[in-house]
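Each of the next two complexes has chain A plus one more chain, namely chain B in the first and chain C in the second.
== the complex of A and B ==
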């Protein structure tokens, strides 16, 4: 955009270069350096402290034969798929409802978004309390006379993930709504007028015309929600602690426990490298869609 | 990403002040409002239950209904949560975590925004060779799971003698806030008319003069957005707090989790809920006061992982 003064070479534009030092250091030392460091040390048998004792792919072999890791992966897959679908559906429905020229729009939006301002710890603890079988929702419904009513997801290994999902959805769907609403508002009024003249019902317009037009917003939301899912940690810690048993373990928790609790550093490195690989699988298609076709300025 | 931000900023007068539906009580309207109402109740319920539980005595919780308002309002749980509840050997309540969080959040917000605003300014107005390479790494880096980088950072902080104290955590927050904030400021400064910048250059103003005299005053709204974004994010952080600080420096989120999920002693649900609410007070206040600016921060943060 702009050219600096006369001096040439390294000293050209010196102030800007000085100002960019923190960015350069962060990019090179933290994002590149630390990631490479972790990947390299995942090929060692580091335990309490990092060591340079190379063991090849042993850590990965061990990782993939660890029951807890397999459970973590499976949990994340189930949680992730359901979360993605439900967050997009609920978020879009909320946005579409709010976009109907309603009164108190700001009020409704404020209500749907406020959970997003709270931490995952707070979210997890509230839902832990609500889903408490002795005093929570189950008890309240039983008191109404439905003596056999059972709603106790957090204490049953088969359903605990859905309990976490309810909390996660409560926290995140407001954000999705916000992004979707921005997308809906970006669509030209004329589109609506045109489909109205053609006599196409509103729900069909949404599915056939509006949603395809909102592709960029959907992709952004998808990437955002997905990378949030992969990082899922605080919510599980607060709500279930990974239990009952191993039923709600997730990869991020596995990494943390290996590194800071079990003194099994290299297992943690190997597991976190696998998380990185998972993210790369998400980012590459997105980067391709976002920047591949057009020149980015 | 950019289109999300711009459409967010637009007040969209066409929608807000558009023609109202002709009949206020059409079947369609009744349906829309009732669905919205039910959903609003669902979203508000956890907050309501938190508040009600925190105002009840333990006996009332054990015998009563979670949704029922308190028969006898008591503020004791709040007092206990704030000043006497125990975590481990410390029995000075959540106030310790609160002040730790303040001590962490204030410098972290200040440093991360200072660094990122200057950086965004340099990237948009004083482009130098290679700048875009680092910026791209920075943005892609925002998607790397923290788990990949946390241990090497422990090693680095230990080498620098910062591991375990607040300075180290402030540094970590400054680093991980950089991608999103730099993007925010870079996009903002890119939208500033070039003529303004050129005129200042013709008058002989240099890098820092232009930043402090022209850009800084102009960019106040975006600074407010950045402060909102960062304060909420850092206040709500759990992972970095638990890794990079010692127990006496734990932020509020970590202490809260330790209080509520401690396995020893009688579970005092009312105190737990008062503590949970106390931890949510700061971000909720920011949220309700900032309104549209919070949404703008989210839209800008849409690129963040």
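== the complex of A and C ==
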């Protein structure tokens, strides 16, 4: 190893490379290896245990003709789009408001970030109670004297997704706020002074100058929020169990139920493969824009 | 210091005085509701008398959460000492894959073949001539539970069969009472649908649909009656916005709902609330139409383990469960029926007596879980869950889709 004075390419930064080995192995074996294994076995008819009985695309044909799967995807799309927009808007607004050099800033920051410290299960249970007509908001308002007040989003198929959305938003927007606040604090004071001298109103400065400067923060936030959306599962379990009917089913729950309740592994694998494909469709264009764009200036 | 020494010496003596083979046996189960927990304590106490230690592995959340956890622990190489489970095709796959231990020897030594009744309890966990489970109790699903006061206080007689119950619905509704309380969880909706299948359709229809998987028949006029009853049930249960079965039972107990379709384990909740069978609440087996019940019930299964001490502890548990004295105390606590016929029930309720009579008359149907794969049950569940949640889902469409599932079922 040490015959020559200068280390060759392979042994350059050797300690760093050794330190990276566990993570590289984890990534290769766990992420890539298991993904490939899952995809391969989605072409079998495995039930409780994996078996190498190939059936071609049957599982995918069945998957795409299953109404519950279509409902799940539609639900995730609605939830995802609304969540993405609202989390960014609410998070940014909170951050902008806190950034006005208000008093008790630390206190507010803690309060807004606190929900993020709770697990989705706890969040889901808390909001299930809050939205439950017997114990929650409806009951409280009725006790104030508004006897006919009705607020029961979780038991109405048309509104149940918004009930889940409220809980998700409550959980996530604090984190978004913190990221945004860090971004805002990173903007040079001189930018604000310059726009002030030019007489540009504050809201316009935010939209035209500050937000474009915060692009990296927005991208980080986008990735964090999106990954949270795709793995949406525990919140639904705690709040609605997928109901009423199939009105709040999501793909991750479909995968779990297929694999462990229906004991149809291959069908669950097919569904999770489709989820992976969807993620890849989102990630590749983004990665291209983000990393490919930089090299070309 | 000397005292301490002698104390620890005493403890050592006590420990060695126990039988040579004593082990900690982890037993997983999903009996967490009040009456169920009381039942499992009876078994645990009987088992501890053998000198082994019971390590309780209760998993809350009924079959939905517990089953996947139990199966994945067994398939994942981290088996528990023993586990409660229901007779099902799900367990059959684990047995076929060689994960489970056969208990034929104990069964033969103790003469279970002569004692256990009905025999279908043993048949459904026999595989290639070997027995793989210890039946602990019988549960039947086909019951309609009614709060007498809800009907009598509103000038109605307590219904005797399904059509009377349906007819009473509008009157109850007018008084602000939900006619039919049902938990919204998927398994309960599926249970109710298949209860309607057995009770409204009758045992032959049930067998043709799930046993012969006759898709044409499933699309026909006979099964249409079942879907019509399902649509009626859907109207009756509007407003029953609860999730768990015991929450729904409490709607009935409080008189906020008229009745509930649920297995006989509900009876435990009624009795814990201080209600008396017959006087305060009524039960209609087979919804008062076809008095046939499933005698599937619960059983304990033993994963294969290397450790001889654990194997011995498994044997001790198996004997403790079927022992007549455990059977009497356990089934009384849990509100279930015993698995042997040579025991006298202590203080049976009229409902338990009815159940016993039906069992003895042999009016028993197989459980849907043993007739078709979990995958098929899952597909039927998804369909009926959607059907019961959406008043715009017409019964004819649902039946057509049901027949399609039966056509490709296994």
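Convention: the second predicted complex is superposed on the first by the 272 of 297 C-alpha atoms of A that agree within 3 Å, B and C clash if a C-alpha of one lies under 4 Å from a C-alpha of the other, contacts with A are read in each partner's own complex, and residues count from 1 in each chain.
By definition in this document, a residue touches a chain if its C-beta (ideal position, glycine included) is under 8 Å from a C-beta of that chain, and two chains touch if they have at least 3 such contacts.
Just so it is clear, the model here is predicted, and its values are computed rather than measured.
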Contacts of A:241 with chain B and chain C, given as first, second, both or neither: both
Per-residue touch tally on chain A - higher for chain B or for chain C: B
First, second, both or neither for A:260, with chain B first and chain C second: both
Which of chain B and chain C A:77 touches, first, second, both or neither: neither
First, second, both or neither for A:133, with chain B first and chain C second: second
Partner chain in contact with A:283 - chain B first, chain C second, else both or neither: first
Which of chain B and chain C A:117 touches, first, second, both or neither: first
Which superposed partner A:27 touches (first chain B, second chain C, both, neither): first
Partner chain(s) touched by A:94 [first = chain B, second = chain C, both, neither]: first
Residues of chain A that lie at the interface with chain B and also at the interface with chain C: 241, 256, 259-260
Complex contact set, residues of chain B against chain A: 1, 3-4, 7-8, 10, 12, 14-16, 18, 20-21, 32-33, 35-36, 39-40, 42-47, 49-50, 53, 61-62, 65-67, 115, 118-119, 121-128, 131, 134-135, 137-138, 140-141, 143-153, 155-156, 174-175, 178, 182, 190, 194, 197-198, 201, 206-208, 232, 235-239, 243, 253, 256-257, 260-261, 269, 272-273, 276, 279-280, 283-284, 286-288, 291, 294-295, 298-299, 302-305
Contact set on chain A toward chain C in their complex: 47-49, 66-68, 133, 152, 155, 157, 241-247, 256-264, 267
Residues of chain A defined as touching chain B within the complex: 1-2, 4, 12-13, 15-17, 19-20, 22-24, 26-35, 37-38, 50, 94, 97-102, 105-106, 108-122, 125-130, 132, 135-137, 139-140, 143, 170, 174-175, 178-179, 182-183, 185-186, 189, 216-217, 220-221, 224, 227-228, 230-231, 233-234, 237-238, 241, 251-252, 255-256, 259-260, 265, 268-269, 271-273, 275-276, 279, 282-283, 287, 290
For the chain C and chain A complex, residues of the former touching the latter: 64, 67-68, 71-72, 75, 90, 93-94, 97, 184-186, 241, 243, 373-375, 377-379, 382, 385-386, 388-390
